[in-house]
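Supplied in structure tokens, the structure appears directly below.
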Amino acid sequence: MSLIEQYRKVRKLTETICSPLHTEDYVVQPIADVSPPKWHLGHTTWFFETLVLKPYLENYTEFDANFNFVFNSYYESLGARVIRTQRGNLSRPTVNEIYRYRVYVDEAMEVLLSKPVDDTVRTLITLGCNHEEQHQELLWTDIKYILGHNPLFPAYDTALPVQQGRVKEGWIAVKGGLHHIGYQGDGFCYDNELGRHQVYVQPCKIAASLVTNEAYLEFMQQGGYRQFEHWYAEGWDWVRNNQVEAPMYWYNIEGSWFHYTLQGLQPLALHEPVTHVSFYEAAAYAAWKGCRLPTEFEWEVAAAELDWGRRWEWTESAYLPYPGFARVAGPVGEYNGKFMVNQKVLRGASEFTSPGHSRPTYRNFFHPHLRWQLTGIRLAV
Amino acid sequence: MSLIEQYRKVRKLTETICSPLHTEDYVVQPIADVSPPKWHLGHTTWFFETLVLKPYLENYTEFDANFNFVFNSYYESLGARVIRTQRGNLSRPTVNEIYRYRVYVDEAMEVLLSKPVDDTVRTLITLGCNHEEQHQELLWTDIKYILGHNPLFPAYDTALPVQQGRVKEGWIAVKGGLHHIGYQGDGFCYDNELGRHQVYVQPCKIAASLVTNEAYLEFMQQGGYRQFEHWYAEGWDWVRNNQVEAPMYWYNIEGSWFHYTLQGLQPLALHEPVTHVSFYEAAAYAAWKGCRLPTEFEWEVAAAELDWGRRWEWTESAYLPYPGFARVAGPVGEYNGKFMVNQKVLRGASEFTSPGHSRPTYRNFFHPHLRWQLTGIRLAV
Amino acid sequence: MSLIEQYRKVRKLTETICSPLHTEDYVVQPIADVSPPKWHLGHTTWFFETLVLKPYLENYTEFDANFNFVFNSYYESLGARVIRTQRGNLSRPTVNEIYRYRVYVDEAMEVLLSKPVDDTVRTLITLGCNHEEQHQELLWTDIKYILGHNPLFPAYDTALPVQQGRVKEGWIAVKGGLHHIGYQGDGFCYDNELGRHQVYVQPCKIAASLVTNEAYLEFMQQGGYRQFEHWYAEGWDWVRNNQVEAPMYWYNIEGSWFHYTLQGLQPLALHEPVTHVSFYEAAAYAAWKGCRLPTEFEWEVAAAELDWGRRWEWTESAYLPYPGFARVAGPVGEYNGKFMVNQKVLRGASEFTSPGHSRPTYRNFFHPHLRWQLTGIRLAV
Amino acid sequence: MSLIEQYRKVRKLTETICSPLHTEDYVVQPIADVSPPKWHLGHTTWFFETLVLKPYLENYTEFDANFNFVFNSYYESLGARVIRTQRGNLSRPTVNEIYRYRVYVDEAMEVLLSKPVDDTVRTLITLGCNHEEQHQELLWTDIKYILGHNPLFPAYDTALPVQQGRVKEGWIAVKGGLHHIGYQGDGFCYDNELGRHQVYVQPCKIAASLVTNEAYLEFMQQGGYRQFEHWYAEGWDWVRNNQVEAPMYWYNIEGSWFHYTLQGLQPLALHEPVTHVSFYEAAAYAAWKGCRLPTEFEWEVAAAELDWGRRWEWTESAYLPYPGFARVAGPVGEYNGKFMVNQKVLRGASEFTSPGHSRPTYRNFFHPHLRWQLTGIRLAV
């Protein structure tokens, strides 16, 4: 697929994801981690405008100078910005204006890509497409949060097909010894996957499949949330301070468990992988089972044999730089490196991950208490 | 005007106020005190549905049972509710649904009022109309806040006529002695105005007009915000903790003062009454001038001679019950009495107050730090 | 009693109150409102040093220049200070050093008072003695808090005599009409009592005695803390946010009620006046009884006939300036006036009030949620 | 040294460290991380009483049943406890009572150790001695905090000898390849050092010595605290939210830099290793130098050639379990494992570390923002 085709495809998918929304759904921000859909629409567009069009398209005229302030996310080097928790307070620009902004930028990108571009520009556009794919996944999770925390529990789309996973039973053995870790090849990858290097991995076993809702329910019913000994100290504080008793989106209605899905409130699907759990819950479940979570290296070594792709899987690994990692100067260098403290690596991909946007070397990362993403649990011993 | 005519007029005005809004503007809640316009539209409707239609219109079918939860404001006796700070997180019900709700309730009210109603119902409808008029004023101030805190500073309506006040110079003398305070007559008033009683007022003088932006600017320029001796201790903490340096909506742009108005960002109108000040600022300004704020009794005694109606005027009086005040049982009794602690009385009315919704005995009340209303300053000595 | 005798007597009583304490008890500050006893010892001494000795005793040498920073309480005009919540973090100066400071200042005061002093100095010393008497009362309540919130519940002094109140039954009628309010005479009073003026009081009745523990227990047992309709909205929030279920210092041990007293943990004394209640609790109790709290004016008019002096009695009145009140320039002017917002007036005196430090015109004031003082409830109708 | 001799030596050192303190210094807790010295004295004693004497000394009578509540630190399995932030609110038990508690427990330990003990008891006593050595280090840092944050800046002991470090210049090369990591031998170590295993380390260089105050000052003077590009995103937030501009205990007095030491406020010792820096500062300094921090594995491999022992050295490594780590059941199992999330490993030892209480395999750990310990910076490339 040519770069312009890739660009068009990515941009179109973003808008398709939003198509069942009402205007109001684009605006709200119930928690800091969840951005309003209209912000995602604008921010991904601002990324191309700021990093590609302004520096590389001759005579390009900015759509609106104020948008830099409104749609910058966290790039310190690109100027002042609306702080993250304030995004839901902005009724303007309207959804229509943002769609016009998208059209304007897309037209300029067509002009730019109507001629050959050099490698720098090609790399930036590929980064922009991957960046937008990440925001597509956030759009799914943020839309789910916005609708799933509304007291009316509206469905996103009742006709959305329900994904059914294959299930691989048993355990995969990982051989001890030196393994190469990190990205190798010519395709796109993020800087945090680079610096392919050797890691000595101890022999171990990894579960072929993810922990199911049914298995997790047993943990709950046997008192898992009330037994401190399974929990990290910070996890135990988190449970008590937030009175956590179940994964996010689980509701006990007159004795039966339901969960909110994009199809609306549904009886809990027992054989599906558990999701919307924090690292604390994942680690406590593993401890309760007499197991542990895999490291990201064990996961990567075993990846070819695992049944993966339905949930982001918490690993025991902290998000740290690979040997030789160095931040690039300028805004692109702010993409990953500055977050390498106090976060956990998640491996795999989820049902919300855009097609093609996953690799066995992909390193996702979140703070250990977060659970609005499609996070899941895989055991290791 | 008949009750049905009054009802129609009030209901229509609410929608007229909202007519220049985009859908997105109806949704956001930048601070807890500012409710989303769509919430006001729904809540005022819910008031009629809950207190009038359900108990008094035979065979009335509730529009949507969930709306009780969504649009209850603070009535403990009417069940659980969305907590106030969460109103801005609700994308549903949509604006269109809420307008349909209004039509549905209005039609039912027409049915109810097509026959004679007894005094209880008449009183509740009158209360509902006055309640909606109060929310009309909140709509104005909340819309102003939503647009005026957007970094794009959109105008509500650039063609909105600018109000120009008359100015009465000098001081009005109030005679010392016993005066009657409180509402007398057959018209509508709130329970907090009742219990007409005698108060002994000391002789004093009250300014005929309000403090202007120009006069307040002088206070600022002479260091008023940096001199603790003019401020109440809590006010001084408020200034420092919030780094307050000017009234809300004032912006210093390259050395000149502007203020946000519904017509957009405008050069500061020097001869207009200062507005959007807290009680702390009002009291500090008065102290700096060697004056004080009037009590609510002094204000009421002098009202006939004052040039009032453009700002809610902070008084020195705490919001307390008049002698003999007693809460009515049930939800109507929650209207005023339970707020009679830690708030200050404001007298007068503002440019945003609905026509007819003001009286010399009207007692408005806010916490002393609030300033998103059209608050102003009148001096006394 | 001569001024020097009065001075000696006051200073001695402060140290007598502290005599049963261990060194450690002088140091801690469990909540912001409770100051460490050693701070009270230093602060009252600093008051005389700063306002009397430095300006009026020739050749006086400051004990330690750092003490101004450590022992200033809130006087903005007297320079920077340790912020209130940090007082409990200071291990130095030690208790012994502070007692030496007291001796040093007392000796200098003896020198000053060995010759006649003018009215200004006399007034300041009288103010200092009254100020120290106020801190004596705080010493009692703060010591009670420090010991009564220690999990070992140590007694202050098991041999301390238990006060037994007289009880006057029934109601006192207050005649409606104009009454004079405020201090009159030549003795000491605070500026907030001055400005004697006329107030029109409605006819009413005031209970001769205070509400007892037994009566309050009935309110609790009948669900008073779970029925929103008796509470101010802010009070109801306070009850729920703090999970309040009883007055401070009440403990239910295996089904029986105990309260912590300076003699240690004791079975609840049913016939004693209830104490350590907030304004919110006082007002809720009164509402539950179908009564209300008196205003400070009603209280003052009836004072001669009331059985008072055992508790500080919450009134319905907000703490506001009397007509003609004006802050004096300089630090003495910061004594009262700057607190006249968001507080409630309490009238009477408590068992912890120093002998002679009470008057029918005395206006004490606290924020409505506070209850570490000996606060109590008197009803009116 | 026999076990009883080791026990006596450790217990005595704890009291020697406290000997220059005034009673008041034992009581205060200025921040949650700093415990009152009297709490350390009691807690280390409670550890022996609870884990050794109660289960293993026949007929042992508990000193005071309430002490379990007062001196438990975080052991969920050992019952309720005073929450950490409340320790500074406890004036009782007094310092004298706690010293009596120490004598009582020491006498019982002498009885226990007058006869041969089995391996379980021996292991617990050794753990208790090492536990007390850890608290000795905390005593030093907490005393420093208590005195160093007092506005009078009292010295702990002006005659305390100042430590002077040797300095080794240059870089130590670490060979790439497989290395064994973790404790090996018969001596004492913590469970987090066990599970000796192979790690593949990339070739690198580690600085022989620590970063000095002089070098760090240059970072400050060249704007290091104002340039976001050197900082982790969380570190940058930490700098701005706390207005951090220098290491803890550094004071700029009229243009010159001083630092508080146990000898009092002293001119900054330029050639000494910088200390009291957070991980964020350490990492930012390293980034500014074009270097990075070593991993804990690189450090352990190079340890024999490093000039270490004066500061706890931040590493880039997150505190995670070694392969095969498993929590022991019961309270001892709560010692380390439950903290293995969101903390950073520090290697080495500091001048405050008790003699003998250090090993090349020792893994200390703190949250990345903390700096009240003697933390320092070593570079790697």
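For clarity, chains are labelled A, B, C and D in written order, and residue numbers in each chain start from 1.
Keep this in mind: contacts are C-beta pairs under 8 Å (C-beta built on N, C-alpha and C of every residue); 3 or more make two chains touch, one makes a residue touch a chain.
None of these values were measured; they are calculated from a predicted model.
Any chain that touches chain C and also touches chain D would be listed here, but there is none.
Rounded to a whole number, the gap between the C-alpha centres of chain A and chain B is 44 angstrom.
Centre-to-centre separation between chain A and chain D, using Cα means, comes to 37 Å. Computed from the mean C-alpha positions, the centre of chain B lies at a distance of 57 Å from the centre of chain D.
Looking at chain C, one finds that none of its residues touch two or more other chains.
Taken as a contact graph, with one node per protein chain and an edge wherever two chains touch, the assembly forms a single closed ring in which every chain touches exactly two others.
If you check the complex, the residues on chain B that touch chain C are 74, 76-77, 178, 197-200, 202, 204, 228-229, 231-236, 279-280, 283, 287, 292, 316-318, 320-321, 323-324, 327, 329, 333, 338-342, 344, 368. Of all residues in chain B, only 22-30, 38, 66, 69-70, 82, 86, 88-95, 146-147, 149-152, 154 touch chain A in the complex they form.
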